[in-house]
Amino acid sequence: MASVDLNCDVGESYGAWPLGNDAAVLRHVSSANIACGFHAGDPGTMRRTVAIAVEHGVAVGAHPGLPDLAGFGRRVMDISAGEVRDLVMYQIGALRVFADAAGTRLTHVKPHGALYNMAAAKPELATAIAEATRAVDPALLLYGLAGSHLVSAGRDAGLTVVEEAFADRRYNRDGTLTPRSAQGAMIDDVADAVAQGVRIAAEGKAATVDGAEVSVRAGTICIHGDSAHAPDLALRLRDALVRSGITVAAP
Amino acid sequence: MASVDLNCDVGESYGAWPLGNDAAVLRHVSSANIACGFHAGDPGTMRRTVAIAVEHGVAVGAHPGLPDLAGFGRRVMDISAGEVRDLVMYQIGALRVFADAAGTRLTHVKPHGALYNMAAAKPELATAIAEATRAVDPALLLYGLAGSHLVSAGRDAGLTVVEEAFADRRYNRDGTLTPRSAQGAMIDDVADAVAQGVRIAAEGKAATVDGAEVSVRAGTICIHGDSAHAPDLALRLRDALVRSGITVAAP
Amino acid sequence: MASVDLNCDVGESYGAWPLGNDAAVLRHVSSANIACGFHAGDPGTMRRTVAIAVEHGVAVGAHPGLPDLAGFGRRVMDISAGEVRDLVMYQIGALRVFADAAGTRLTHVKPHGALYNMAAAKPELATAIAEATRAVDPALLLYGLAGSHLVSAGRDAGLTVVEEAFADRRYNRDGTLTPRSAQGAMIDDVADAVAQGVRIAAEGKAATVDGAEVSVRAGTICIHGDSAHAPDLALRLRDALVRSGITVAAP
Amino acid sequence: MASVDLNCDVGESYGAWPLGNDAAVLRHVSSANIACGFHAGDPGTMRRTVAIAVEHGVAVGAHPGLPDLAGFGRRVMDISAGEVRDLVMYQIGALRVFADAAGTRLTHVKPHGALYNMAAAKPELATAIAEATRAVDPALLLYGLAGSHLVSAGRDAGLTVVEEAFADRRYNRDGTLTPRSAQGAMIDDVADAVAQGVRIAAEGKAATVDGAEVSVRAGTICIHGDSAHAPDLALRLRDALVRSGITVAAP
């Protein structure tokens, strides 16, 4: 029987500033990627977010980002592979103690924002993240953009890799994501996003932004936690997957 | 045979800003307290400092501080016990992965600067630090000011506590440190500091700032890594201890 | 004819994190205290908030805070008078260029959060803020807690001072604010807050937390911008003041 | 009679971390570019550095950088023109109050590190910096890499621009700087750097990294303040210029 993971970026509040609706979205996904204090999150938020994930039986992962709080880790930085390795290790280590203290286990690592995109495109940064992950714990799963350098770097490092697809983003014919800045990049309609998510999980295919079809093999589907309709999309996508005979579960 | 630990705060460079002479001082001490990125230190500095400590066979400890880079963690902040617990866990967790990756083990925790002083004086913050340490690993040693609340909180939490004394600070008659702002608080002469360090280790006693004598029982003696004569003091104190028949070794 | 100012703290978003509803509340108040990047705010937010204030004819002031983004400037820090003077000058200077560029003039300074409370209670910090304000521009008004050290320090520095009262906070018999941690400190009911605001403006009096009466003379009344009902309170207080024959206008 | 400016980046200490030898180098240069708190510097350091510059009769300029303290503003970031404009205005405004308070006038703006290089290469960022400078004060001089986009953007904005050359960097045949990562990019020998500085000022020419000759017209020559031999280079270059009949003076 087919199975897919639903993951969501959470714990992205910071100090006095709330963000997202973690308690709602964590009812419906199977994996939580928790911010670790560099692009978002802080120690108290990390503790509280781990607790909510545990309460809902959701797998707890680290979501390390660039050291750019003002830019929410979304601005590409010219940062060396050594710096990336060290800041990823640091962040995974910081989050892991909260998972341990909550009586659970850190299961996976998914880089955030610009770091995710940089890791998808640049082999040396992908390798740095894979090595940082393995250095902390070789049993950690590494989530990366399906077909990207992060996936191959993770496999080269001996990690189990989970390829990621997006329900609410359009794809190009070569399997890459249509950039957010391009027309039609986002699937704003929840029903359309649900349909794409089910198709990826059931058939391993998605429509491209220009109306063709592309193969998208993925073990996990991302719900963007900072969008207002995240809880709704998560709920409806989960229900649609289950109705299609697909189990929603952490890898 | 008597034994005492010599500890030093290290890894307090930040980004482009070097601080201290870690490579020199780590030749002579037995425990390193490594900054964890809040008051000083950064992921790359943490990795490099752990490597130097391992090279010299020095015990690797976490040196968590207040979230105050601009003030080097030396400004008292009105921060809750819950915040303290979470930021101490975060920092210990972050450092621990670098110790593990270097093939060693994190051995101890010593809070930094204002956090150290706050923990010495306020029972609820002392308890928060002790609980954070135990939550990460009950085998971690907790270093705290001899006779302070941090020592009793650590014991109450079931941790092994190492009481700390200072070779280059004067004591009051009640065993507390003479505040830095007071006349005569610092022992600037290296020979005098060496003499006080040996006397504490050998007799458990020190002269007070007003010429009396006070009992100071300590398992570890602190060398201030940010002073220019730290390597010299560490070398001479170690030699003097050994000549007095006292072993210098991590607890 | 009587006149009073209504002021509100705004521009307290940071990067990706929105906070408050500045566009709504700035329709109703006469003075805006704009965060300057230390406790909240960032250069882009400052530019945009100044623009909204100008659009609504609201006086533009600087709202400098402690260097504590994670704590929103609400945690008391043991910071020297010299440090306070310099960071207040820095923040006023940073905001002033956005006021100038928007074709308006910076009119006033009101410290934020813990810095406000520290300035109210500690003469040397009050003096530091007053001197920082005068150093930037002696024509700047200084807003401070009615009857506090900041008010007297401002006068001693030759500044025009505007004493501040609170519509939604209870007072003690000595004219100080009941601490937030105490029972009954906050006036949560909007109608009650409106009534207190009008009474302060019209009679210079307020009920105390224990049912007595205290004199509260104030040139400006604060609306807390980070509370959900800030726009509603601002609108209703303004209307009630006008109906009572009191003009709402910047000092 | 020929004249050239010698400028140096100063005020790049941060909190407890000293950097450079500002008091020594400011004896010999004619313009100081003072860090403004984003890549380095803090309010107290800014005040003190302005005071030293004033004491030595050195022109006081702002040295705004990227919001990247951990990377010392040397890591290229993918930041929008609007963000650049706002953070440059913010930093100039912050520094200007310290110049005013010291009884002098802010004379110029020179962007730092990666922002300097980004402004040299990207017209929209160059324009953003020029507009930010003009928005604060159209009388401010803008220092930029000779022949770069920042120079043309400054002129387009109606600013007086000062083109900058480097005594201790090698040039390519097209007049650009040889990247630091390339062999032979730095002129480590002080006598060679002095010779290049004099030749640029006297003849408007420099040798290229591959032994040819290139035209370098510059109104100011940069001394790198963070190198250990900065005071020595500044002193010797100044003396050599004067002996060659060239006045060293701020533009």
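Note that the chains take the letters A, B, C and D in the order they are written out, and that residue 1 is the start of every chain.
In this text, contacts are C-beta pairs under 8 Å (C-beta built on N, C-alpha and C of every residue); 3 or more make two chains touch, one makes a residue touch a chain.
This is a predicted model, so every value here is computed, not measured.
Chemist: If contact pairs are compared by residue number, which of B-C, B-D or C-D agrees with A-C in over half of them?
Modeler: Repeated interface of A-C: B-D.
Chemist: Quick check: more C-beta contact pairs at A-D or at A-B?
Modeler: Higher C-beta contact count between the two pairs: A-B.
Chemist: Using mean CA coordinates as chain centres, what's the gap between chain A and chain D in Å?
Modeler: Roughly 42 Å separates the two chain centres.
Chemist: Could you work out how far the Cα centre of chain A sits from that of chain B, in whole Å?
Modeler: Result: the chain centres lie 39 Å from each other.
Chemist: Multi-chain contacts only, two chains or more: what residues does chain B have there?
Modeler: 70-71
Chemist: Which residues of chain B touch chain C in the complex?
Modeler: Residues 67-68, 70-71, 75-79, 114 of chain B touch chain C in their complex.
Chemist: Help me check something: in the complex, which residues belonging to chain B touch chain D?
Modeler: By the definition above, chain B touches chain D via 13-19, 40, 42, 69-72, 74, 226.
Chemist: Could you list, by residue number, the parts of chain B that touch chain A in their complex?
Modeler: Touch list, chain B to chain A: 37, 43-44, 46-47, 82-83, 86-87, 89-98, 100-101, 135-136.
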